[in-house]
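Going in written order, the chains are labelled A, B, C, D and E, and every chain counts its residues from 1.
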Amino acid sequence: MKKKLMTISVAVLALAVFLMLPACRPPEPEVATLKVGCIMPFSGPASPWGDAIKPQMEVYAELINEDGGIKIGNETYQVEMFFADGEYSPEGGSRAAKELVYDKKVSFIVGYYGDGFPATAAVTNPEKVIFISKEHPDFDPLGKHPYTVIGTPVIEFVDTQILAFVEAYPGTTMVGDLESTLVEPMLEKEIAQAKAELEERGIGLFSQTHPVGITDFTTYLVKFDEEGVDLIYTWAATGYVAMMAKQSAEQGYDWHLCQAGTMLDPYEFAEMAGYEAAQGTMSDWPCPWALKKVEVSPELLEMAGRIADRYQEKYGEPMRYMGGFGYGLQHMSQLFAGLEKAGTLDPDQIMDTFKGGTFDTFLGEYTLSGEKTYGSLLVFGYPNCLSKLEGYEEVYASEHPILEIP
Amino acid sequence: MAMPILELRKLTKRFGNLIALREFDLDINQGELIGVIGPNGSGKTTLFNLISGYYRRFEGEIIYRGKRISGLRSDQIARKGIARVFQSYVLYEDATVLENITRCFYLICKTNSWQSFFNTSRYCKEEVTQRAEAEELLQPVGLAEFRDSLAGKLPYGYCRLLALAMALATNPTLLLLDEPMAGISHEEKGLVINLIKKLGDQGITIMLVEHDVKAVVDICPRLVVLDFGRKIADGSPEEVTTDRKVIEAYLGVEEG
Amino acid sequence: MKKVIPPVVGLILVLCFPLITTDPFILSLVIEAGVWAIAVMGFVAILRTGEFSLGQAAFMAIGGYASALVTINLGIPFWFGLVVAGIAAALVALALGVVVLRLGGIYFAIVTLVFGEIVRIVASNWQSLTRGATGLTPSAPSTIHIGNITIDFIASKVPFYYVMVVLVLIAAVVFWRADRSRLGRIFRSIASNELLAEHMGIHLMKYKVIIFAIAGFFTGIAGAFFCHFTLFMGPTTFDVWDSIMILIMGIVGGTSSVVLGPIIGALVLSAGGGYLTSALMVGMKPLIYGIIVIVVVVLLPGGLVDLGRYISRAPRISSMPAVRRHKKRGD
Amino acid sequence: MLLLKSIRVHYNKREAVKGISLEVGEGDFVVVIGPNGAGKTSVLNVISGVINPSEGEVWFRSERIDRLAPEKIAARGIIHVPEGRRIFPKLTVMENLQMGAYLQKDKTKVERELERIFHLFPILKERTRQRGESLSGGEQQMLAIGRGLMAGPALLLIDEPSLGLSPLVTQHVAEQMTVINREGIAILLVEQNARMGLKLANRGYVLTNGDLVLEGTTAELVKNEEIRKAYLGL
Amino acid sequence: MPPVAVWMDGLLLSSIYILIASGLVLVFSIMGIVNFAHGQLYMLGAFLIYYMFARAGINYFVSLIITAVAIGLLGIAIERGLLRPLAPNGLLPPVVVTLGLIFLFEGIATLFFGPAKKAVPSAVPGVSSIGALTVSNEKLVVVAIAVAVMIGLYFLVSHTRMGLAMRASAQDPYTASLYGVRRGRTLSQTMFIGCALAGIAASLMAPLYFVDPWIGLTPLIMALLAIVIGGLGSVLGAVVGGALLGFSGTFLIYYLGPWSELTAFLIVIAVLLLRPEGIFGRPRA
C-alpha cells in the first residue's frame, strides 16, 4: 500500500514539474527586438518539414543579428524567432498562433506550413499581427483577413508549374494528375485552367483522386498507363511520390514523375523509391543561386550562400533541402524588405507599404499586387524553378517565372 | 376463478440437439402456490426462463390473464406483473441494499422521468415514501440493519433474502421463485418459508422451483414434477411424493 | 448547507477567472478544455450505462458541420446554429444507437470507432456540401449591443469564455440531474446488472438510446461551439484520435462522477497538454499521455477525481464502471 | 489412494462444504449422493484443484495435493469429468479426445487408449470428425468420459453423468462406468440419481447441505430410509 | 475484369489486412479484448526491420524472424505486465490500457526513431516479366510469405497440441484447465503468436512502403473493419473480411476512384444491419 502511495506521489510530482516547465523562461532581452513567430508542424507525420526549415530560419536570423540587425526607421532591431507546433491541422495552427500571439507576443508570423490558414488568420487578424503564409481558397487577404499576405501562391502556380514541367519534357502528349481528396477541391479550378492551356498545345490531361493516407498507388498507375500518360503531376508529399516512383518501376512503367512540392531530402527519396526508380523525378526547387531566368539581388544571393555555409558549419552536413527559400526564409526576406521600406512598426502602415510595393526576395525582385492579379488579391510572385533528380543530387531542370505583374 | 392467471401451452425449448423442455402444459389459478420440483437438469429453470422472457424463441404459447405474452421482452413481461427471483444470486452488487430495493420501484413509480429530472416536489415526496417503503420491505427479511452495506458484500443467505425482497418491491401478481432456499441456513430457511406463505395469503400467485422438497411440500398445496423436460406428475404433495414415477426420477429406477 | 459551499465557491472562481487573467492564450486553452469537458461528460454518461463509445468525436463533427452549414448557407445566427447542431447530432445518435446498441461491449466500441471514420470519409468526399478537406469557415458570433455594453467576440476571448461556461453549466446540470434522478438510477441499474434490470421492467434499449442521444446532443453542441471558436470545420477537425482522447480524458478524470471527473480530465489533458506543447520535445506529449493513462488505469482506477480519497486512504467507492464483455443469452 | 480430511469450502462467505472427510481406495468405486446444492460438485472441484478449500487437506497416494494447480493434479492421474459434460463445442470429437490426452506425452499409449475408448463407446468412432456440439446428450456424456479416460487416469471423478439423460441412456452410461472400473480405474462418482449410484458403487457417502450425513457400503445404504427422506423431504 | 496488376495489388493488400486482422482475432478469441495497440506493434516491427535490415545489414529473412519474435515477446510483456493483472476488473481497464499504449508507442517511436519517413530497401529487388505482365519480385515474395504464414498459422492452430489447447481454452477455460492446460501459458502463447503476426506483416510491408511512427493506424482500422465484416472471434472471418476489403478496395479504386474508401465502410454497415455478428460470427441474442 505504501509503495503504491509512493508511486502515485512521484507520478503527481512529475506531472507538476512538467506543468511548471513552460513557466521557467529566460528574462526578456534589453535590446530592441523584432519578435517573429513561425508556425510549422513539429509533431505528427508532417513534422519533417518543420524540422528541416526551422534550423535554416534560425541560421538566417543569426546572420542578420550578426550583421547588426534590421534597420527600421531610425532604430535597428535584432531578430528573435519563436517557433510553435502547428501539427499541420487547423486546430493546431490556431492553437500555435494563440501561443505565439498571446503568450510570446510576436508581431509577425511567417512560414506557416500546414492546413487551415483561416483558423490561424482568425487569431492574428484581430491582434493586427502580420501573417505571411501560403495560399488557401478561403484565405482572403484584402477582405476578411486584412493583415495577411500570401507569401507563396501555391495554388496559383499550379498551371504555370505544369507548363514548366511540360517544357522540361518537350515530347509530352498526356499529363496525368493524381491528387488526394484533401487537395483535389483546392486545385480543381487551377487544374481545369491547366487543362485548357495544355490543350492549346495539343497535350491532354487526365485527373485522378485518391483517398488520404494510402501508400499503394498501383491501381491508379494502372489507369494512367491505360490512358497513355507520359508525365505525372502530383501535389502528394515526398514520401508518397517516392511510393509512386517505386510502384511505377515495379509495374515497368516509364514516365516522368513531377511533384509540385520541394524534395525533402534527395538521398532519402532515392532510398525510399529505389535508386533506379527515383532517377529523373522532378520537383519544385526554389534555389536562389540556381535561378537562370530570374535575377536575385546580390545581397540576398550572398546571404543565401552564407545561410548554406553556416548551415553546413553548424550541422556538419550540406543544406540539401531548398524548401526554406520557398517558405520560411522567403517569407522572412519578404517581411524584412517590407519593414525596411515602411520604416515603421505600425501594422497598418506596413500593410500599406506591402500593397503594390516592389521587394527584393530570395527568389528575385517581386511586386505585390494591391489589385487582383493571378486570380487572388495580395500576392508575391513565385518562379517555378524545377529540379531533376540525378544520382543523389537535384540538378536544374527548367524554370517558368511569373514575371508579368500589371 | 373463471380463468387461470397463467396458461402454458405445449412449451418446447430446444438447445441444438438437446430438448430442455417438451410439450409442457400447465394452468395456474389466481392465488395458487405451485411448487415445481424435479431432478437437476429436468428443465425447471428453462421453464422460468421461458415465462420471464429470457428466452424469446421457443415453441408453444404462454397466456397471462388471457393475453399471449410469449415472444415479449423480459421488461414487457415484468411490466405485466410477473416478477422473478433468479437461481444464482442476481443483484446490483455495486449498490447498497436499500438502493437495490429502490431500483425495483421502477414499475410502480407515479411520477414520470421529467418530474424526476426537474426534481419536483411530487418526485421528492415519492422518493421519501419509496425510501420508507424500501425500509419496510427490508424488515420482514431481517435486512434492515444492512441497509447501507453493499449488496455484493452480503453473506450468501442474505443475498437470497434481498433478492426476494426485491421481487416483492415490484408488487407482482405472479412471482417466480427460482430456488430461494438454495444454500441458506436453517433459520433463514424458516424465514423464507414464512415469508412465502405470507405472500400467498396476500393473494400473490407464486411458482416456486426448489430442490429442498421438504420445504416445497411445506409451502405448496400443489406440486408439479418435471423430469427430462416432461411433466411427470401434478397434484397434492401426498400424491406426488408417493408417485412411483417421481420416486424413480429422483432416486433412479428400482431393481426388477 | 455544507454540500452547497464547494460548488458555489467553484462557480464563483470560474466566473471570476477572467479577472485573474485575460491572457487570450490561457483563456483559449480553458475554453477548448470546456468544449472537451462537455464531450467527455457525454462519454462518461454513456459509459455509466455500461457501454463505451469510441466515436464521440464523430458527433462533434456532425454538430460542427451542421452549425457551420446552417450559419454559412442560411445566415442563421450562431446561437441557433448551436441548437441545430445539437439536434442534428442527437438525431444521428438516435439512429446509430437503435442499430448498434444491440451489439454490446467491445462490438459497440469497434462499431462506433468505425462510425467516426465513416463521418470523416463522408465529410471529405461530399465536396458539394462540406467542401471536402478545404473545410468550412464558420464565423464567430456577431457582436451584441445591449444598451451601452458591447460584447465583441472577435476582439476578446472573454465573451467566448462565458458562453463556454454557460454551455458547460447547462450540460453539467443536465447530466448531473439525469444522474441524480430516476434516470440515473435506471442507468446504474443497467450498468450494474442488465439481466436483472430487464427483469425489473426496464426497457434496456430505450434507455441506452436515450442517453446516447442526450450525450450526442451536447457533444454536437460542443463541436459546433468549437468550430465557431477556431473558425474552421474540416473532416479531420474531429477524428478518431479525438474520440480516443475523449475516452482518455474521461478515464483520467475519473468516471465516478459524471461532471467533476470530465472537467478535471479535460482541464489536465486538453488545457495542460496544450500549455505544454511548446515546452516538450517532439514525441514527448503522446508519451506522457500514454504513461498517464496507464498509470491511472493501473494505480488509480477511479481517476484523478479519486486522488484525494486515495491519499487519505478513505474507502473508495468508485472504480471504472463494469462494461459487459458480451451479451450472453440463448436463442 | 485419495483422502480428504475435513474439507471446508466457502463461496462468498457461504459455507458450501462443511468439513467433509472422504476416502477412495485403489480401484475403488465410490459414490457421493445427495440432493442438489448439497456441495457434491464443490468436493470434486477441490480434489481437482479448481477451487482451494478454506480448510482441510487432500492427500493422493501419500502426497498432499491441495493447493496444487489443476494441471499438476491432472498430471498425477486424477481426472475430473465435469458436470454438464462441458464438451468443447467447436472441437471435433477427435480433438475433444485429444484434449483429454493433453498431458500424455507417450504417443503409443494415446493410440492404445483411443482404441480402448472406441471399443467401449463405438458410437464415438463413427463421429470422430463431427463437432462436439452436434452430438446428442448421451453421446456427449460418453465423449466426456472418453475424454477423461484419454488422460490415462488412476482416479476418475465423474460428476452427474445422468444429468438430463433419459433412463435408457443413463443405463448405458452406467454399464460403461462399471466396465471402466473393472479395468482397474478407481471412480469417484457424484450422482443425484441415488439408486443408480448405489447400484454401481461399492461404497457411498450421502451429502446434504454440505454435511456428510451417512456413509457406508452401498449394500447398507440402499436399505437406509434416511436417503429417501433426504431427497424427498418426507 | 480489372487488369492483372490490380488483382495482384488486391492480393497484396488482402495479405496485410489478413495478417493483422487474424492476429487481433486470435488474441480476442482467447482474452476477450481487442488490442487497440496492435497497429502500433506493427509500426514498431517496421522500425525494427528498418534498423536491422536497412541499417545494420542483417539478412532480410533473419531480420524478419527476429522482428516477429521481438514483437511477440513485447506482446507477452504487455499481456503479463498490464492486461492480465487488469483482466479481473472487467473489459474497460485492459482496453483503455491498449488505447494508452497507442500514444506511448507513437511517442517512443517519434522520440527515439524520429518523425522522418524511413526507407527499407527491397529485400528481393527486380521485376519478373511474364508475357506482357510485369510484377515486382518483392510483391511476389510478400504474397508467398503471407500465404505461407497463414497456412502455418492454420496448421499451428488446428493441428498442434498448442493450437488445440488454445482453441479449447478459448471455448471453455475451466474444462481445459481440468485436462492440464495452463491458462496463463495459453494466454501468453496466443499473445505471442498474434503480435508476431503483426511483426511479420510489418516486416513484409516495410520494404514495399515507408516507415514512420504513424503507419499503424490505417492497418488497424482496416483490420477492425475486416473483423467486423468477418465476425469477431473467427480467424476464418478475418481472412474472408480481409480479402473482401483488400480486393474490393483495389477493384473499386479502379472503377470508382476515391469513393472506394466509403464503399468499404458501406460494406461494413450493410453487414452490421443484416448480420450484426459478422459473416462468420456466432449469432447472439
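Simple rule for what comes next: contacts are C-beta pairs under 8 Å (C-beta built on N, C-alpha and C of every residue); 3 or more make two chains touch, one makes a residue touch a chain.
Small disclaimer: the values here were computed from a predicted structure and weren't measured.
> So if I look at the partners of chain B and the partners of chain E, which chains show up in both lists?
Under the touch definition, chain B and chain E have C, D as mutual neighbours.
> Which chain's centre, taken as the mean of its Cα atoms, is farthest from the centre of chain A?
Taking each chain's C-alpha mean as its centre, the farthest from chain A is D.
> Taking mean CA positions as centres, which chain lies farthest from chain E?
Chain B.
> Have a look and report which chain pair racks up the highest count of C-beta pairs in contact.
Result: the chain pair C-E has the most contacts.
> Quick one: chain B and chain D, Cα centre-to-centre, how many Å?
Roughly 32 Å, centre to centre.
> Per the centroid of Cα atoms for each chain, what is the distance between chain A and chain B, given in Å?
About 74 Å separates the centre of chain A from that of chain B.
> Between chain A and chain C, tell me the centre distance in angstrom, where each centre is the average of that chain's C-alpha atoms.
Comparing mean C-alpha positions, chain C is 35 Å from chain A.
> For chain C, give me the residues that contact two or more of the other chains.
Counting only residues that touch two or more other chains, chain C contributes 121, 125, 282-283, 285, 288, 292, 322, 329, 331.
> In chain B, which residues are in touch with two or more of the other chains?
Correct list: empty.
> Do you know which chain D residues sit against two or more other chains?
There are none in chain D.
> Among the chains present, which pairs are found to touch?
Taking the chains two at a time, the touching pairs are A-C, A-E, B-C, B-D, C-E, D-E.
> What part of chain C is in contact with chain E in the complex they form?
Against chain E, chain C makes touches at 47, 52, 99-100, 102-103, 105-107, 109-111, 113-114, 117-118, 121-122, 125, 240, 244, 247-248, 251, 281-294, 297-298, 301, 319-327, 329, 331.
> So in the complex, which bits of chain E are touching chain D?
161, 164-165, 167-168, 171-172, 174-182
> What part of chain E is in contact with chain C in the complex they form?
28, 32-34, 82, 85-86, 89-93, 95-97, 99-112, 115, 213, 217, 221, 224-225, 227-228, 232, 258-259, 261-262, 265, 268-269, 272-273, 276, 283-285
> For a test of understanding, state which residues of chain D touch chain E in their complex under the given definition.
Contact set of chain D toward chain E: 48, 50, 69-71, 74-75, 79-80, 82, 86, 88-91, 95, 98-100, 102-103, 147, 151.
> Chain A touches which residues of chain E in the complex?
2-3, 5-6, 8-9, 12-13, 110, 115-117, 119, 121-122, 125, 127, 129, 134-136, 138-139, 208-210, 212, 214-215, 218, 250, 253-254, 257-258, 260-261
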